[in-house]
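You will see two complexes here that share chain A, one where it goes with chain B and one where it goes with chain C.
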Partner chain A sequence: MIDPVDTRLPVSEAVALKVQYSSRRRNCLGRLTTTTIRAVDGVDLTIRPGEAVALVGESGCGKSTLGRALLRLERVSEGAVRFAGSDLTGLSEAILRPIRRNMQMVFQDPFSSLNPRMQIGETLAEPLLVHGLASKAEARARVAEILQIVGLDPAVAGRHPHAFSGGQRQRIAIARAVIARPKFVVADEPISALDISVQAQILDLFEDLKERFALTYLFISHDLAVVRHIADRVAVMYLGRIVEEGSPESVFDNPLHPYTQALLAAVPSPDPVRERSRPNPVLRGEPPSPATAVTGCRFRGRCAHAMPVCAMADPALARGADGTHAVACFLHHQ
Partner chain B sequence: MTGFSNRFLIGHAVGIAGVAIIVAAVAIAVFAPLIAPVPASQIDLHARLVPPAFVEGGSAKHFFGTDNLGRDILARLIYGSRISLAVGTAAALLGAVIGSLMGILAGYFGGRVDAAISWFVDVQLAFPFTLLAIFLLGTLGGGFYAVVIVLALATWVNYARVVRAQVLTVKVQDYVLAARAVGVGTPRTLWRYIFANSTAPIIVVASFSTAQAILTQAALSFLGVGIDPSIPSWGAMLNDGREYLQKAWWIATFPGLAIALTVLGVNLFGDWLRDRLDPRSAR
Partner chain C sequence: MTSPLLEVKDLDVHFGALHAVRAVSFSVAPGETLGVVGESGSGKSTTMLAVLGLHPKRQGTVTASRLEFDGEDLLSKSDRAMRDLRGRRVGLIFQDPLAALNPLMTVGRQIGEVLVRHHGLDKHASRAEAVKLLERTGVPDPLRRAAQFPHQFSGGMRQRVMIAIALAGRPELLIADEPTTALDVTVQAEIVRLIRDIQQASGMGLVWITHDLALMARVADRVMVMYAGAVVEEAPVDRLYATPRHPYTAGLLGSIARLDQPRGVRARAIAGTPPSMDQPIGGCAFAPRCPLRFDKCTVAPPLIPLGDGVRAACWRLSGEQA
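So, the complex of A and B:
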């Protein structure tokens, strides 16, 4: 799937990746039943150096799980996860630990992602110290430097997280993710828990850091306007599978998959005339539970264009003539 | 703002009161020979069951009265603090260390580790403790250290259960996953992330386990398997006074008050310590 033009080694790569959770419980008759949740159900994704890839989709579609699986914070059920060319799939936590300095994560909720019992200076120094990248004195200087970069006063290093607002905490969490100069950062809805007024600042910070540290990142979001603003490439996820992928311009201005079209149609328009003519509701029904096995196309139950072939075969993600815009839909497969 | 600082000061005062009680009790234990009016085991058969000085028929010679052998209650209380405090603190601390460690391992690692530790906890809770204590002390022989170990074995399950429950809620927090994402190793994660966020229930259990240990030590002495009952301790005095409760209430009442006061001090101190250790509360 690697673009023939770009021969650089991908930073992060998922190959036919599946992440499943099994839970065994007794049903009402006392029989043991196994439920398998297919959170990520066959994803191919390649993230190249310097790219900001956005992953969009509704809640529960598996985008967070995919993000964590790329960092091997999830167990891989099938397929493979690679980082800078090396296979992480079966590695134990002990072997992964030294690799982790190169790949970091920013969590959605800044109120739960910082240890309340540690001063933020300690939290920020931790990536440097556990990987032996700096002495304690050097770490202190690096912490002051990174606090300045993310727009906080270095004097606050001695405080605990409770003393900060949500936006400030997210700056701290971002600082922790970049202080060891990682190659790859997964940001899991890093602004959706924040006030609107703070969201823009945090986005600007991401842009700034991307330039400053030549970061490659996966930005998980359900806010399409945000994605358009920051992403170099967009992947649309539905029920554990990527259904459309391409540049923000091609995906947003020329959405091919009916699901992407529905998502875009659901974005409220600031223009009242256009807003009134927006179809409502745009998408009927709920996505099927990831615990049920789907045959054929997973979107067909909610799709306005469902055809007989959709019930028989599962459409693969296939690239169009331009070689970048890909879609998993029989409407566009020849 | 004033409400906030008032609450803070009241909390402070309560903590200082707790510390004051504990310091006083420890001072009494350490300086017992200097404070006690008479030796604790001095028997005066002419002055049996003398009531306290402030009660009719009491004598100024025996401020808290005497017991059935004419021994001075005040002197016995002062000397008794030595065994009671030492046993209570040592057993509660040892139990806390063992129980917290087991609770953290069970809660964090889950699976077989959890099954094994929880099995031990359940077995011990199901097994009558007195029987176990008699068996262990019978094999180990009595004495201070044996009693402390046995009492720690009695209390560690309390810690293990609450710590395990706390760890189950702490370990799914994002900050623990964040630690893993950063590359923090397991020992450091357990110490700085899991343990550091599970201390509140440990302190609460420690304050009531201290009281439990003081009382159980008395019961063991009473059964003749613990510390030699002729060495005064508050628990032993409580037991001695029980049969005279109708005739001479003071024998059991004063050691009971001493235990209650000490436990109160430990509780006040524990509450204050828990709040102080929580960075979210006022500093």
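So, the complex of A and C:
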């Protein structure tokens, strides 16, 4: 998986990763049945130092579960998760705790991710104090510093979350994620709950912090237009599997997988003239449930190009001649 | 232009001290789509709920110098008459179909109920009509699906059910409040197409509320931009996107990431945040965030007609009044 010229250790890595949930419930005949949800179903992903990798796909495709599994916030069913070369797969929470300060998460909803009873200064100082990285006085200075970096007045440290707007709360959540100087940040739909006029501000902040703290990001997003502008690399997920991966230029300007093509074709553009000449949507139906077992290619039921081979074998994610753009589709396999 | 289906003049909505909608005027013609765009708290949904008489009387005060549907005054109508209007002549679709559907009633019965109540169909006929409506909204296997409950439907399929219910009364006006916001983009594209196809076939007027400017470009004929409870700009869709006149509209269009632009072209954020609506707003509500503000902006600007159906509320434009 590792680029031959890039010998640096990846920051985060998933190797043949599977995350499954099973639920037991009684069916209509009263018999106990077990359903297995394959949220992540065999993913290889390597995130290198300083990269911003975007994970895109529709709801239920497993992108959030994959992000959480990379931080070991999910139990790994099969395969492995590594962080900076060390295997996190089977580690207990106690052993993971000191590693956690290097891997942080920013959530979608800044209204539920901050403790409403704590002053934001306390919320921000917590990671420093929990991990023993600073004394109380040092923590206070670090809080003032990080508030300034994320564009807030240090004087607001004594206020509670309710005193802030959505965009300001997301700045605070981001400040908490980066205050202990982590190496790796997973941001799960970090702007989709914010007002449109504020979204670009938060993206600018992520960009600024990436430079300032040499951060490595995984952005999870359903918004392809945003991804195009912030990602160094894009991975497209469908039903638990990465089906296409490459630079934003290659994936967006020359999508190879029929799913990526359909997804891009469905994104509206803020241009009424272009919208009027847009062809009708090509993708029909909805993705199958991750609880159903699939044979062959998991997209073939909705694919306009399905061939006999697609029912028989599961296409692997294979790299093309350029060594970076990869696609899991028999149309492009030699 | 045909006479408007819905005409609203100087609509104000107060919730106690909170002035949620401020002197909003607009009209919708049959067959036309009016897009209403704005951020959360801009008053776009509150405006439409007030028009439909859906604000509980004790909580909100609704006033207007004119509020007419097909020439009939809505402010003087009884609750019962308004209910009848909503079931028969005006349809409504919301963002969250799960919250709007009764979880304990089969989908077929919920659609049938509208037909029984507002169209005098008997139970048997309403049942058959419900299946037809599901089929028309693109629900596969409608006979079997009509007997199922809302939780057995995916988000996209639930929204189709909501559309079927809204269409049961063959409405002359459909108000769609962020109908695709909770849906994936591929499903959104199908729902947009469905609503537009139905509109083309029936000639109904459509009000489409969204915060998504890219989606708005796809659906609207005319767009009304709201900020802090008031209309700041209204224009035919091509004009609005080609030459936005209000600094807020221009800022919004500049701040969204576009798929059709190369990576180097960065979106420019609008500084600051929308004002809190529980404080009185003196002057232009956008002035604190506006790069073009000057001393006149301490007084609230009127909507200035700029010709070709364009209106914008900005003192910078007062010299070029049409």
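In this text, the second predicted complex is superposed on the first by the 332 of 334 C-alpha atoms of A that agree within 3 Å, B and C clash if a C-alpha of one lies under 4 Å from a C-alpha of the other, contacts with A are read in each partner's own complex, and residues count from 1 in each chain.
Operating definition for what follows: contacts are C-beta pairs under 8 Å (C-beta built on N, C-alpha and C of every residue); 3 or more make two chains touch, one makes a residue touch a chain.
Just so it is clear, the model here is predicted, and its values are computed rather than measured.
Trainee: Looking at chain A, which partner touches more of its residues: chain C or chain B?
Mentor: Counting contacted residues of chain A, the larger count belongs to C.
Trainee: So, A:85: does it touch chain B (first), chain C (second), both, or neither?
Mentor: A:85 contacts neither chain B nor chain C.
Trainee: Where does A:71 make contact in the superposed view: on chain B (first), on chain C (second), on both, or on neither?
Mentor: first
Trainee: Please work out whether A:117 is in contact with chain B alone, chain C alone, both, or neither, and reply first, second, both or neither.
Mentor: First partner only, chain B.
Trainee: Quick check for you: in the superposed arrangement, does A:272 touch first (chain B), second (chain C), both or neither?
Mentor: A:272 sits against chain C, while chain B stays out of touch.
Trainee: In the superposed arrangement, which partner chain does A:30 touch: chain B (first), chain C (second), both, or neither?
Mentor: Touch status of A:30: no partner.
Trainee: Pick one for A:223: touches chain B only (first), chain C only (second), both, or neither.
Mentor: In the superposition, A:223 contacts chain C only.
Trainee: Applying the touch criterion given at the start, work out whether A:196 contacts chain B, chain C, both or neither, answering first, second, both or neither.
Mentor: In the superposed model, A:196 contacts chain C only, not chain B.
Trainee: If we count contacts the way the header does, which residues on chain C are in touch with chain A in the complex?
Mentor: 39-40, 154-157, 184-190, 193, 211-218, 220, 237-238, 241, 251-253, 255-261, 263, 265-271, 273-274, 289
Trainee: Under the stated contact criterion, what part of chain A meets chain B in this complex?
Mentor: That would be residues 71, 73, 93, 97-98, 100-101, 104-105, 107, 109, 112-118, 126-127, 130-131, 160, 162, 173, 176 of chain A.
Trainee: Quick check on the complex: what are the chain B residues that touch chain A?
Mentor: Spelled out, the residues of chain B in touch with chain A are 173-175, 177-185, 188, 192-193, 196-197, 279-280.
Trainee: Could you please specify the touching residues of chain A with respect to chain C in the complex?
Mentor: 58-59, 165-168, 195-201, 203-204, 222-226, 228-229, 248-249, 252, 262-264, 266-275, 278, 280-281, 283-284, 286
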